[in-house]
Structure formats: structure tokens, C-alpha cells
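In the part that follows, the structures are each spelled out as C-alpha cells.
You will see two complexes here that share chain A, one where it goes with chain B and one where it goes with chain C.
On to the complex of A and B.
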């Protein structure tokens, strides 16, 4: 008779871990208003664990084969690891209950998520103690197509930046990942663009890489295809943030990303030089380019210089991807412009001037003289321009402007007031 | 947005739990088939799904594909699996996929002990990799595995 003690001990530990996680989420749900779906889906996942444990118990009891029992023991231990790891997500519930960023920015980003991802989206921002800005879509559900009702978007913000209101627009890029995943844009675009010249480039890139790596060409091609999807999604998300926020995204992006090596190609990210060039081209088409050139000429000249300088030589795979992205960029940006057409932030010079004037008077820049609300993308862009112009206006001013005390205080209020004014006037 | 730091921990715990359960069900289905019994519905579904995944991974001849198909977060884990399978991994994985599909469809030869054992060892290896993956996450040393060096040599 086989000894089941070890198996029973692990099984009891899984049940205990699942119960503790369920109790935590129960306490969240008792008081949760909105967002609430994040807690409901967390609870759903906790409740899925018991049937799995019961299944493993039944199978373990039914077999005497040593290999089978070993496999089931591995599986229940794996389940224990995942169940315990759910605690990593408890911080997300805490953040949903008590957001780490200002409410003005949060309300704006939540409304943007509902507008461009899907109306049933819930957006939670979490302060992360490691890593950079990132997004997770429906973290407690098995992915399925079409995505079922109740989308949970979790965006991670580096903890150091939770008070950096002028960087929160980077979360529009993260919402872009939600758009790409929920609507399947990444795979659609990758399939559409992988023809003709791009197909030839990728094939050649895979062959040249395989010569260096000594791995099979098919292996290198699979890696390239996967990376192309990731790069397309990044360009897609840059385009979402650019379309919805205009010049703001360039300022925020430049502050966070430009200090690093602009020619470094990441596994999942195109080189920054290429991204800046594509963001600038998009901004020029939307009418923002001339405003940036006029208002902050020092910054504009520097950034355009970075964008137009020839890229450093890359490894064959990175070179193939970079060229493929250049060829595909207009198609990606076109898909974004179509998807977010109702939310494109074209420059409104009158609004930008109002924001600048109100900031001079130390008033939250939320309303025009006639009492109408200033659109929130214009509020943020106006705040960025003012913060830059009250400094040198050159690129190095970014690192100081982003922490402007005055803008830091007035921007969140302005974003909140703009919504209140809008709702009041609509009611 | 700007970081390429790879985490070995999957965000998708729900998927990993489902894949773990599928592996156990497939193993149960295989055990049933090897004694001439008909696997249960859930076991047949798991056998078919795992067989499809192995076949797809083998046909793509790519470790990246194998890691994706089998829910292994890192291509490194998939590389261990391929090493374990033996020199002609694509052929071996296709053969094992055929055994899984055959068990699901009731067309497998219950007397073919060697084939069954190879696949059972593969499933055990996969469970070890999945456990190593779930337990840890940012370590740089390879997981310690208890399956034979090359599954192709199992008889």
C-alpha cells in the first residue's frame, strides 16, 4: 500500500492557500465599489482551485503506478506554487481600493480605457517596486477569443513615478496594449504585413542569424516572427498614445525613454530612435509638429535630430525587424487612427493658450473664459508646454519640468474639474 | 512600455492551472489506454489537445514553438525537453503525438509498451519542468530533473 501522507499534506496546503486568498478577496469585495471586476475575477480563479484539487485526489487514489503518482504529486505541488503566488496579485486589489496616482489622471485614463478598449473595461493602476511601465489584460482568466464581458486592465507604474502627473500619460500607451489584445490587432497586423518585401527581409534575417547562432533557420524565423509581433504591438501602442494625447506623449516618452541608448533593440521593443521618428511623423500628420517646433524649438530640434540621424548598425535579426517596422508603420498607425478616431487629440491652439494663461494665474486650467471645459488632452499638453517654456525649453529641461511643483499641484485638479464642468453642463 | 526585462513567471496563472490539469488528465487517459480501457471524455480531450500541441511544435521545428505550445514560459525549459527527447526531436515528438492521439481515438496498440513508456516519461518530464517553472522563477541555474537523459532511449 503506497504512503499517501506526502500527497495529503500538499493537498491540504493547497486548500489552505486557496482559502486565505479567497478570504482576502472577500474582504475586498465587501467594500469595493468600482473597480470591482478585478476582485470578482480574482475570486473566480480562487474558486477554480478546489475542483482541480479534488480531481487530483481522485486520480491519485485511483492509481498505484509510481510514475503516475509522481506526476500527480508534481502537479499538486505546481498548483500549490500558483495558489500561493496569487498573493502577488493581492497588491493589485489594494491598488484598486486605494489608487496610487492622483484621481484626476486616473479618471481620465479610466474613461479613455472605456472609450477605446471596450465600455466594459475596468482600469486599475498599481505601483510596481520593480520593472518599468507594463500592462496585464484579464490577469485572472484563461485567454479566449472573443474576450468575454468584463475586461480587467492592470497597468503598472514604477513606484518612484506615482506622483509624476506629467508622466501618467504613458499609461495611454499601456491602455494601447489592452486595445491590441482585446481586438486582436497584433496578430492581424503581423499577418497582414508579413508579405512581399517584409517577408523577404525576415527570411534573410533568419538565415543570416542562423549562420551566426548555428541554430536552425526555422528556429530563428520563429523567434523573429514572435519578436515582430511584439514590436508591432509597441508601435501600435505608441500610436494609440500619440493619437489620443498629441504632443504630451512625446514629452512623457522622451522623459522616460530617451535618456537611455536610443539604438538598443530590445527583444520586445524597437530601438528608441525608430520609435521617436515614428511618433514625430504621426504628430506631424496630426498637426502637432509645428506647435512643438514653435513653442519649444530647442527640444524639437534635438528630438528631430535624434530621429533623423542614421541608426547604428544592428545584428541581422534586429536590422530585419527595424526595416520591417519602417515599412509597416503607416499601416499600423492607420489602423490606430481608425480605431480611436473619436478620441484623436488634434491640437486646439485656443485651449492651449487658455491653459497657459490660467497656469500663470495659478488657477487649475480646466475651463475656457466662457465656462466650457477644456478637453483633458489639451490640459495635459498645455501643462507640459508651460513647464517646458518656464525652463530652458531644451531637452534637458524635461528632467526638471516633469517635477514642476506648480503643474504637479494644478494638473490633477484641472483634470477633475474638467470632468465636473463637462458633466454639469451636459446634465 | 520600455523594459525588455523578461520575467520567467507567467502572468497567466489561470492558464497555467488549466494546463497543469490537462497534463494530469492526459496521463490518466494514457494509463487507461495502455490497459485497453477507454479514456474518459475529459481525458480524451486532454490527450487530443496535448497531442495537437506536440505535433504543432514538432512541425514548426522550433523550441520557441514548443515552449509556446506547452505553456513553458522560457524557451530554455523547452530546450531541456528537446534535449531529453533525443537527437531527432521533431520525429520523436511527432511519434509521441501519434500515441497521444491514438489513445484519445482508441486506435493505439495497448501492447506497444515501449511507445507508451516513452510518452509517459515525456509527460513526467513536462510535469517536472512545469513544477520547476512554477516554483521559481528568477534563478539562473537549471532545474534539477529526474527523468532519463534521453527519452528516446527509454524502453
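On to the complex of A and C.
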């Protein structure tokens, strides 16, 4: 039969594409150093293709119905396209073997991922040509099969920013997504907060939205619940990054996000104004607020003004979500504080002063006078403060400070040296 | 002119203000300070020469990009080796960032006895 020939040809093509992907990952596993889990998960995914092809072959042979056979042929063609598209993800293996960002930042972020996601986490940074910062957790996981050992976190950094060491702290937020997903915080928090006032607020938001959209209230409510989960996760990740990095996160976040419309509510992201307000409140609690006010008063005044200004009026659904997030913020914060308690970066004025002094002398600020390594969050915060203060210290200095040549060179170097000192002294 | 001994070196390394300090960053182990020397280590950044199709460089007209075309910067992660093949030439930086105050100078001496098969002009 003609379609038998065609079917055999397509199945052979799927097997060939799977073999080629498998060969690529085999060579990665032979040569790569520490990041192995990403390769092992990719290899496992390639190996899952053969049983699917065999299953299609059996079903194709078992039926004589022309329509069924055509449907199976279409399905195997889709599998072929999907298998070939795995090629796009080979770049992630390349990035695991040869990271696009500096080693100092990478060492810090990898250690943070191990500390707060899980000790067997592997953190890979990929330079992405589209979009903004993003994260994928266990990207090659096959649903409903056991996950191979290790948690794979792939963070996407916009290609234009791979040399922007002062923006790499945004990746701590991306690691926060790993914490939320691996430990199930998003769903836990969403379920816990969707009671009482928040429940009523969401119900009203869904009703009002349904009047406008002409869709069923239950449908709108389902969308709202999904969006609430996404917004909770974003606030959770902001809190993780703020706890672990202190003022640094606000500087990096403001540089990347504040130039946009601060009242725009995204499908997955709360309005920036609300996020800034919650980040600032968190920083004040940790003791960073007074340092920002003192060291960069122009920036502090502006950003506090943004945070405290009333939000622009929003659509009913967005308004309901915004209010729900305000009510849920304390519970989200509590979950983060508990989870990252060992990694909270409280301000260390002595370390910040050392960093400032060393930077002034063009020395990578890696070590205290007593030989102990300067804590990585203090190195990054000190670099940010110095870069801001040597400019105007106002908010517009952010865009200039982030590209400071000197800090850009000394920060990754200092982070790397700090890790080396740490490892040497604890070995 | 005199040579700083161990005590003098320690004092110079902790001098304040920092602009008058002998900066050795990082100083991982106090044993690095010897009787009249400070041991430094091979760092993680290297420049490895590439084979190119260029006939050579004209020192009068050469630009930085031409020089860099003939070199590759290699950053070796902590714990990973850098393999050198027979006859291969690489430029390596010390792990330590060094800076001298106006009243100090130093000689860099390689510990050839520890690397008998390598030629290391300092």
C-alpha cells in the first residue's frame, strides 16, 4: 500500500532525527564538566521517542481503516517536527558547557540555586535572542515519568545583557521560580489565600469581567485563578531575590522594568508599581531602606514616589488581582522568609564600606583585611552603590551605571576571587 | 634601597589608607608571605595563541583587533585543568590582583624547580 511506504519513510525519519539528537547529547555528556543533569534529562527525552514510534507502528499495522491510518500518519509527522525541533534546545546544552555570562556571577548564582532550590540543582544560563529574562524548570522532563536525578534550571538572559554584571542579580528572581515550582509554593499559596475577602474580591472581579466579555462567570473565574497563581509566583520570586540580594535587586529590577508603564498589569505579572512597593517594604524590613535613602537619596526619593503614588484605574479583573495580592503579600513574604532564612542578606555596613574603598582604588573587592571573603551580596550591592554614587545618584544614573566599565570589570573578578577564597578556606 | 622582610611585607599589605597599601588581592594563605617574598598563584585567565593565516603583524600599524585575532581568551573554571601541549605558548595571569604604592617595586621570579618541564619567563 502506498501509505505504508509513506508511513515507513516518516517513521525512519523520526528515528534518524532522534538518533542525531542523541549523538549530540552523547558528545556533550562525554566532554561536559559539572552540568550533567541537563544532558541526562535531554538524553532520556531522546530515548522516549523510540517507544512512541513503535507504538504508532503497532497501531498503524493493526488497523485497515483509511482514516485511522491517515490520523496516525499525521501524528507521526508531528512527532517528526517535534523531534527535529529539539535541535533548538541543543543551544542550551552548549550554554551549560560554555556559559555566556562571567564565571563570578555564575558561581554565585549556582551556589544560590543549590542553597535555596535543592542541593542537586543545576543552573544554566542561556543567551536568548528574544524576550526578556525567563526561566524553565526541568525543560526536558517527560510528563508522568519519573524525573532523572537533579533539578535543571535554565535561565534565559536577553543576549544584549550577557555582559551586564549588574543586571545578573535579576537571575536570583529566576531562581525563585525554581523554588516556587520545585517546592510547590505557587499552588499552596494560591489555595491558602483564596479565602474570605480575597475569595469575594475575585468572585466580584470575575462577574464584572464576564459582563464586559460576555463569557461565562466560571470561565472568567478560572482565568482569574490562573492569573492569581502567576502573580503570586512573581511576588514570591521578587521576595526571594530581595531577601538574598538586598538593595541590589531593587537597582537591577528598576533598571530593567521601571522604564516601562508602571501601572500596566500583565497576564502573568502584577503592575510594576505594586511590585516596587512590596520590594521597598521588604527592604525597609531588612534594614536596607535607610542605606538606600542615605547613599542614593535622589534615586530613593523617586522610587519611593513611584511606589506610594495611587495606581491608575484598571480593568475589574486586574483591580481584583491587585487588591488580592496586597492582601496576600504578608503570607507570601512569610513563606519566603521561612524558606530562605539561611540566605537572607542583611546589610553589612562594614563590608559595604570596604567594597566602596577598594573600588575607589580600582581593586577588585573580594576580601576583608582579616582575609575572610566579602559576602557576595555585599560585593554586588557595594558595586551598585559605587556605580550610582560616582554618577548623579538619581534614577537616570541607573541606565548609565549599569554599563560602568570599571564596575563591569571588577565585579565579576571580585565575585570569582571571593568564591576562590571561600573554597580554599573551607577546604 | 632595601628589601622588605616578612614583617615589613605584612605591614605594607595592611597599610592604610589603601592608596599607600601593597595590594595582594586575594591573599588566601598567610604562608604566602615569605622571608622577603610573596608567593602568587597561577590564575584562571589565559591567552592562548591561535594559528592564523596572517603573515605577521606590523608593529607600526597594528590595531588591537588584529592582535586579538591571533589569541583566544580562555577562562578556566575552578577545579578544571588547562592542558598545555608540547611547544605551546600561553600567557597566564596571576590569581592575585597586585598593586604597588609609589615607594615599592618588586621582581617576579618563577618557581622553575616546581615545574621542571615548563619554561616560565616572569
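Criterion: the second predicted complex is superposed on the first by the 417 of 427 C-alpha atoms of A that agree within 3 Å, B and C clash if a C-alpha of one lies under 4 Å from a C-alpha of the other, contacts with A are read in each partner's own complex, and residues count from 1 in each chain.
To be clear about the criterion, contacts are C-beta pairs under 8 Å (C-beta built on N, C-alpha and C of every residue); 3 or more make two chains touch, one makes a residue touch a chain.
This structure is a prediction, so every number in the text was calculated from the model and none was measured.
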Clash-or-fit label for the pair chain B, chain C on chain A: fit
Partner chain(s) touched by A:425 [first = chain B, second = chain C, both, neither]: second
First, second, both or neither for A:416, with chain B first and chain C second: second
Chain B versus chain C as contact partner of A:65, first or second or both or neither: first
Partner chain(s) touched by A:45 [first = chain B, second = chain C, both, neither]: first
Partner contacting more residues of chain A (chain B vs chain C): B
Which of chain B and chain C A:363 touches, first, second, both or neither: second
Where the C-alpha centre of chain A sits as vertex, the angle toward chain B and chain C in the overlay (nearest 10 degrees): 140
First (chain B), second (chain C), both or neither touched by A:170: first
Partner chain(s) touched by A:371 [first = chain B, second = chain C, both, neither]: second
Contacts of A:395 with chain B and chain C, given as first, second, both or neither: neither
Where chain B and chain C come nearest after superposition, their Cα distance in Å: 28
Shared contact residues on chain A - chain B and chain C: none
Sites on chain A touched by chain B in the complex: 45, 48-49, 52, 55-56, 59, 62-63, 65, 67-68, 70-72, 74-75, 77-79, 81-82, 85-86, 89, 131-134, 136, 139-143, 170, 173-174, 216, 218-219, 221-223, 226, 234, 237, 256-257, 260, 266-269
Touching residues (chain side chain B, partner chain A) in the complex: 1-7, 9, 11-18, 20-21, 23-25, 27-28, 31, 60-65, 68, 120-121, 123-124, 127-128, 130-131, 134-135
Contacting residues of chain A [partner chain C, same complex]: 33-34, 103, 107, 357-358, 360-364, 366-367, 369, 371, 373, 413, 416-421, 423-425
Chain C to chain A touching residues, read off their complex: 14, 18-19, 21, 23, 25-30, 44, 75, 77-78, 80, 95, 97, 99
